[in-house]
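Dropping the structure in here first, questions after.
Order of writing sets the chain letters: A, B and C. Residues in each chain are counted from 1.
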């Protein structure tokens, strides 16, 4: 990526803030790797005062662009407005000719990830406060009313009108009667649990039966679709002529049922017409509607 | 008369044995005495323990009655009866008790963000009730509050007055 | 003199709040009073409670001192006093007494997972014995069980029969 035409030389005074920012972070960290990286950044920012088009690593050049943007637009290095930054960055990228879209995309993604982290943190802190907002515009009445103010102040200053009362801690032995009563209750609890577990078992079995029924229905539905296709193709074989039902059955009872069901379905779908010549025992005819 | 004296002794024994605040009905169920006799006995016991030179008292706690150590002696026997509620919660509780019904957000202005944790704990102990109201909660004390601290009324307004008096603050008429 | 009165009140508060017999040493640890002062106070309290019209008494029990309900009043109020063994444990205990020796896993089927916690507590109190058996435990009542409930047999089979009879239940085969 090329540096922007008009200004790639940044006055030293402007970059000082970013430099201080980086040096501050360096002073905070102990790991050598991190320090090395920050040193590199410091070098980059210093080189912003010169021409940095010579930097070969695409990634480093993109980072340079980030520093440049922050310095150019005098963004606060301690509190980057990421929305503004992303917009500026994209604008700058569009101007450039040799943009490495992968790196640019990565930088924008990083910006938004940080933004999301920030908003998550905000969300978390707002959850901690249960979403309550304090409005100091309204003066609370305890602040205005004398007695309420006096009481509140007294408590805040350590006055304590309540104290835990001391009562007798003693207990007594359980009587035999109470043990027998407990036994009776336990018996009922056990019975109740047995009953509940039986009910659950019954429901489970019923559930399984229903599942089987559902599977059966499903299979049946699938067969039905297949049947309809078969019967439809048989009807199509007659090229739109009116066909007696007996001609599209193979003669056995099961096939007759399958055929008549499919015919009724196709008729309901308005794909065929169905009629009977003599009611109730006359021949049934079918004919495709689209002919 | 002798019978009457004896009745109040039965009620006294009941309060002693229970070691917790009792309703008149609970005393009735245990002793078989009538409500009237129990109520009279309780009045008698309250006066008697107040007037007598003793470390104990019989008093009203919310809508119940309890036998307990008089406030002045509590500190001497604290190791035998350890406290159940941490001191840090007492301040929050005293403010809720007085200002109730109070918005959690208002309480937060008085005490800061720790209020949320306190309210949660006080709710768990069963001393404070929190009812959602928009983005905040309305806080009140539960029935257990006056029972626990031996406040002689269950009426919120009167609890406020009781607290103000104890804290040495004059209530506005 | 006034100081002396106050000391005996502290001892009175200690006996009341403990709810169990205390040695002079225990009272000393709790109140910080000297042994002599405590001994004097106890004597004073015993006399005072005897002479006073009250349902309570302070008395010596072995080497210890206790504040309790006078015998004549105890039967009226025994049901109000909190039980040493909470109800939730009592049910589990009764079932172990009846079904013993019973596998912990079988008891769990009867009462649910809370059984594990209950068995642990009952074991701590010394009423239930748990013996490891593969992945479960075999539960039986201890010697303390018949002693505690005044059942005149230590035989497990007989304890089971006894419970069944009392509860009007047919014995399992």
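Rule of thumb we're sticking to: a residue touches a chain if its C-beta (ideal position, glycine included) is under 8 Å from a C-beta of that chain, and two chains touch if they have at least 3 such contacts.
Note that this is a predicted model, so its numbers are computed, not measured.
**Q** On a CA-centroid basis, which chain has its centre farthest from subunit A's?
**A** Checked the centroid distances; the maximum from subunit A is C.
**Q** Most central chain by CA mean?
**A** B
**Q** Which whole number of Å gives the spacing of the CA centres of subunit A and subunit C?
**A** Spacing between the chain centres: roughly 56 Å.
**Q** Using mean CA coordinates as chain centres, what's the subunit B-subunit C distance in Å?
**A** Their C-alpha centroids are separated by 28 Å.
**Q** How many Å are there between the centre of subunit A and the centre of subunit B, using C-alpha atoms for each centre?
**A** Subunit A and subunit B have C-alpha centres separated by 49 Å.
**Q** Can you list the residues of subunit A that touch 2 or more other chains?
**A** 166-170, 172
**Q** Counting only residues that touch at least two other chains, what does the list for subunit C look like?
**A** In subunit C, residues 13, 16-19, 78, 81-82 touch at least two other chains, as defined above.
**Q** Under the touch definition given earlier, write down the residues of subunit A that touch subunit B in their complex.
**A** 128-134, 140, 142, 145-148, 150-152, 154-156, 159-170, 172
**Q** Note which residues of subunit C are touching subunit B in the complex, please.
**A** Per the touch definition, subunit C meets subunit B at residues 5, 9-10, 12-14, 16-19, 29-32, 52-56, 69-70, 73-74, 76-82.
**Q** Please output the residues of subunit B touching subunit A within their complex, sorted ascending.
**A** Those in contact with subunit A are residues 16-17, 19-20, 61, 66-69, 71, 73-74, 77-78, 80-81, 83-85, 90-91, 93-95, 97-99, 104-106, 108-111, 113, 116, 135-137, 148-151, 162-172.
**Q** Would you pull the subunit A residues touching subunit C in the complex into a rising list?
**A** It is residues 166-176, 178-180, 182-187, 189-190, 193 of subunit A that touch subunit C.
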